[in-house]
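Pasting the structures here.
Each of the next two complexes has subunit A plus one other chain: subunit B in the first, subunit C in the second.
Showing the complex of A and B:
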């Protein structure tokens, strides 16, 4: 297993170099003027475009710019984010915890609900629960996230005045600014830091503001997991070993949950791994509507403004996340099903 | 199944009830504003966006500032009085400005402000002069140049010596030596390039060390390399408390501020991109003011507990005719000839074509149906609110006159053969899109040989293309750097103006008038020059002015004391005057 992990880690280096070359090449297809325009907001500033090209070396050959970027990256300097008005790494440290905090609650809920409902609809195919989950899945997939988030916000915040937007309330924010020594940012996640610092009110306030974004995120993502689990369950339940188990008199619960579901979860683990990896780049709709700007907002804004250093960094980061998530999924599947062995050849 | 549902329900109830009361409490000394403006920097040498200006001008102070809503009247702030020709503060030739500096002003970190800090602030800005930054505003009147570097990025010879001599101290007064008379100079001093920083503190933070031999090291810092980007030590009524980019900016009242203390103790400026979220924040009282785009005004008008205000802005959008279009690989001019399938590169050099387009713009319908009567349709670049604004004639929508001018244009060829061209606007700007469509439809309706397409491109591409003379007819906006007609008229009409040069407009007589407008000092002379130029805009049919924005503001009705000045846009809020009833 160790050899497998080491091999994957070496593979990671090639993946990252490949991604960086690819993205850099794509970005180089934009003219220097077009890339310099990213620094410009008004016609007044536009007259300085030649100076900006010269200052940032945007007219240098591809290999010179790529080499420069590589050198800076190895030194830990990922560049300056125009969108975030701060160094790329600092911006990442600001936005990533926001996305992570949402996912910490949304991902387990998605997994639990998706697997649970998927299993039920697989077992009770054609029943009310199957139809119900199908409708939920269709709505979840077809309803735009942005619209669903807005509807939730309008009902619960707009009409009832519950939950609130943002990451934390103004009172708490000011309290934290005025008493920096009483609240240490261990993790950057308010819900966890609130508990670690003994400020349960801050934790509760942050949790309250997470409810609607988490519901939106879960509702949108759970559909895929539910349908995968359902079809795997149906497939497993029709296999010979299940018929044998039933013939031997095993009760339904053991057949469904111990035998069938265990095998049915293998494709689910693979899909869940991809979903978790994907969720690390954030959801722009959820972040914008609930005013918790994280990775999704940052990535989309950077893409529209051609914020090159951010785009390069984000592609590297997502490459890293996907390679690691695939590795973890492979290890998990091997542990889950002893019949599967990791290939080292 | 039932148990987990009950447990989850109870948890939700607990979370809602545990914190709801606290977050809803309203604070009489707190002001919350939600908008989508993002601050770029707190460094006065770098800030060239309205959001950064708002932050800087509440933390730092300039020598003088606008008097309330006026754009041509000033009050002293760090200076003891506003210099004028009458009080001798401005020399008769208009080239020397003398400011007596107050000696009772303290920075937030306790240092006393001195004339030395004043000259350091201006010299440091000019030495830094970042590419694409606002420092040309100081360099132009003081040194007669727009950058400290040449086109190749090399520092101009003797520029440091000129900067050194441009501002001096005489008997504890700060004296600005202008290279030529520059009437808008006082207005420039009211902007964020004119705020005063503390010399010792700035040097300790990595700003220019005061030695001109080391000046090149501090010239043209890259974005993010400016030392004062995220720190501040001003003399203003508010201190910088915290700033999380794309989240919020928090001001805290400066309790040591001289004179009347601000009623607002904490001001929070939140970055809220989504309109519905901003609207609900305003409705629920979680924000005292939010940014409202014109298309959302009807929604806001129906909300209760708000008061509404309109402020005409010193910004204008127009559509300009390019008289010498770049024909190389240009898809917007068809065949590139007047053969019915395109237009020649100099198509708009014929005044009749320009006049036909001007008559095709239905101002009344545009104001009513597109602008919802919430904006002004200007008649010249010297828009309402600027000094020397005059009511000039304008071209009315008239199909008969369109036909007449088209028949005269290009010896009748334009009408007989027709033409094919594309009008391009920047994606997302609905008002410009509507103007382009209106012109295209009004012209095409008169002659089936006229084919005008309307296309949109991303703003960054748009910028690059119009700079390369690719668009026969481009729609662009201009916002005031300072409140003077020179900033608008020169840039629209002079052959070297920022917009004028991209339309290849070259009229020596108008160039001369534009230059004279900035060289004379007396109001009467300037008035006469700018009136002539405003009429010339009409007579020469230089372009179509589409709209002058009117900023719509919605405040919670217990908020009072705001000062609405046309030079500042929606992001502006002078916090020291605000109070809650």
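Showing the complex of A and C:
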């Protein structure tokens, strides 16, 4: 167990080095002036680009530059974000809670709906519910996230005037600006901070603005989960132990939900790690359309304004999230199914 | 030669017949045939105004307010007075161009990487697969965006970036297929007879991976078009006025919510390009899903 975790953490280091090499070589195609921005930490420094090129040797060969970048990164200097007009790390601390808030609601919902519908359509194969989930899955798979979000916005916000865009309303934003002492940012998540600070109106407003983004994200991501649960459920139900259990007259509900589903969930947990990555990808489009200034919005703005330090940081961050979420899923499977030995994998 | 051709036809005959028995797949095929006709007949359906660059959408005036469908512009005009009908017709070509280029290039790279990795095994396999593992950790949209940023904006660069990102999936799947096929008696027999490695790969291994490749290509077409249109939507794509569905959605973006008295006034600006993206992707996914059912009933 411990050896497994340690080995995966060593792999994580390799992944991060690999990603940084990959992205670094992509970014080497830029001129030294552009890349100098990756080392800037304040507006004053931004004035002195030739000095930075000299200091960090940006006109030097690849390996020298890579070493420089590594040293800077280990010191916690990820560069300067043009879009956010602050150092990358500070901007990350500001944007990350927004994306986290979206996913904290969307991911559990996706899991619950996906597993529930997937199980049902696996049990009642060929029934109405099976065809229904199949159609929902194909449509969800075919809908571009940004388009679905736009249509939802058009109907619910435009036509009915419900919900709204952004993270919280303008009047609340103004209130928070004027009374910073009355609203302490414990977590950075408005829905939770609102309750902790006793401002239920802010919490409600943030929740209201979360409804459409969460629906969009759940709908687009749930298809994958549903399909996998369904097919593993079908496979599980055709196994001998299920036939035995039913032959001796066990309750159908217990056979389906206790015996079969527990085993059928193993492939589902395996893909749940990829689900995190998929969700982050979905958040990009959702945040753009609903005007939520989070990681996805930051990424797209950085891409359109050639903010290279942010792209570099974002790829590293995504690699970290991916490896860690896969690690957690592997541990979860080992706990879920004691037959699986971690050391052999 | 004729004999050989016939054998190839027979190879695809059964799956094709089973495809025609699947109602979902038929919907997909009909949609796809429709889109193909539109793409092929584009110069007839919408005669280009600029013959040197038919992908440039003609526009009358520069007003940003869209105009509803009328006799001149049957689907109306979008922001910037670009004719939506023209954009839809030539955008079909753009979608096919993007999807086919990316899928063909990515499949070519991915299949070869997978075959080489699986066939030779050992440290070659180890190195290649660790590299694939590393690339795998970055979501494809984000990696593709980073590539587009370094290549510069434009549709060609989006296509190239997506091709350089999406080969990894083929590599993984084909490698695991090759590991199975490699153990077959006919491969061992060929090896003993002294057939060269390259010939074994081409003649004995590749033809047996054709179905998974086909399924993956079909399913990828849809997601490639989604990613490409999203990148055009956020402004990383072709210059303004290029017939491209993603960009037309972007042009409509400020008009999804109309004036308070008529909130859905500009529905046509998003309905036509958006509907085209959805139907195009749906067509490929329906066919891909049916193909997967035919070749891999458990999956």
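Just so we're on the same page, the second predicted complex is superposed on the first by the 303 of 345 C-alpha atoms of A that agree within 3 Å, B and C clash if a C-alpha of one lies under 4 Å from a C-alpha of the other, contacts with A are read in each partner's own complex, and residues count from 1 in each chain.
Definition applied: contacts are C-beta pairs under 8 Å (C-beta built on N, C-alpha and C of every residue); 3 or more make two chains touch, one makes a residue touch a chain.
If you're wondering where the values come from, they're calculated on a predicted model, not measured in any experiment.
A.B. asks: Have a look at where A:153 lands relative to subunit B and subunit C in the superposition and call it first, second, both or neither.
C.D. replies: It touches subunit B and subunit C both.
A.B. asks: First (subunit B), second (subunit C), both or neither: which does A:245 touch?
C.D. replies: A:245 contacts neither subunit B nor subunit C.
A.B. asks: Can A:48 be said to touch subunit B (first), subunit C (second), both, or neither?
C.D. replies: After superposing on A, A:48 lies in contact with subunit B but is clear of subunit C.
A.B. asks: Quick one: is A:104 in contact with subunit B, with subunit C, with both, or with neither? Answer first, second, both or neither.
C.D. replies: Neither: A:104 stays clear of subunit B and subunit C.
A.B. asks: Tell me which of subunit B and subunit C touches more residues of subunit A.
C.D. replies: B
A.B. asks: Using the touch definition from the top, say if A:334 reaches subunit B (first), subunit C (second), both or neither.
C.D. replies: neither
A.B. asks: With both complexes superposed on chain A, which partner does A:306 reach: first (subunit B), second (subunit C), both or neither?
C.D. replies: Once the two structures are laid over each other on A, A:306 reaches both partners.
A.B. asks: Shared contact residues on subunit A, subunit B side and subunit C side combined as an intersection?
C.D. replies: 150, 153-154, 157-158, 161, 288, 304, 306
A.B. asks: Provide the residue numbers of subunit A that touch subunit B in the complex, in ascending order.
C.D. replies: 31, 33-34, 37-52, 54-56, 80, 82-87, 91, 94, 150, 153-154, 157-158, 161-167, 169-171, 173-174, 177, 201, 204-205, 207-208, 211, 288-291, 293, 297-298, 304-306
A.B. asks: Please output the residues of subunit A touching subunit C within their complex, sorted ascending.
C.D. replies: Per the stated touch rule, the residues are 14-15, 18-19, 22-23, 26-27, 29-30, 138-139, 141-147, 150-151, 153-154, 157-159, 161, 231, 234-235, 277-278, 280-281, 284-285, 288, 299-300, 303-304, 306, 308, 311, 314-315, 318-319, 322-323.
A.B. asks: Which of the residues in subunit C come into contact with subunit A in the complex?
C.D. replies: 24, 130-131, 133-143, 145-151, 222, 226, 229-230, 233-236, 249, 253, 256-258, 263-264, 267, 270, 274, 277-278, 281-282, 285-286, 289, 298-299
A.B. asks: Considering the complex alone, what residue numbers of subunit B touch subunit A?
C.D. replies: 12, 14-16, 18-20, 22-25, 30, 32, 38-41, 48-49, 131-132, 147, 149, 151-153, 220, 222-224, 229-230, 241-242, 244-248, 250, 266, 268, 270-274, 276-277, 280-281, 283-284, 286, 458, 460-461, 463-464, 467-468, 476-479, 481, 491, 498-499
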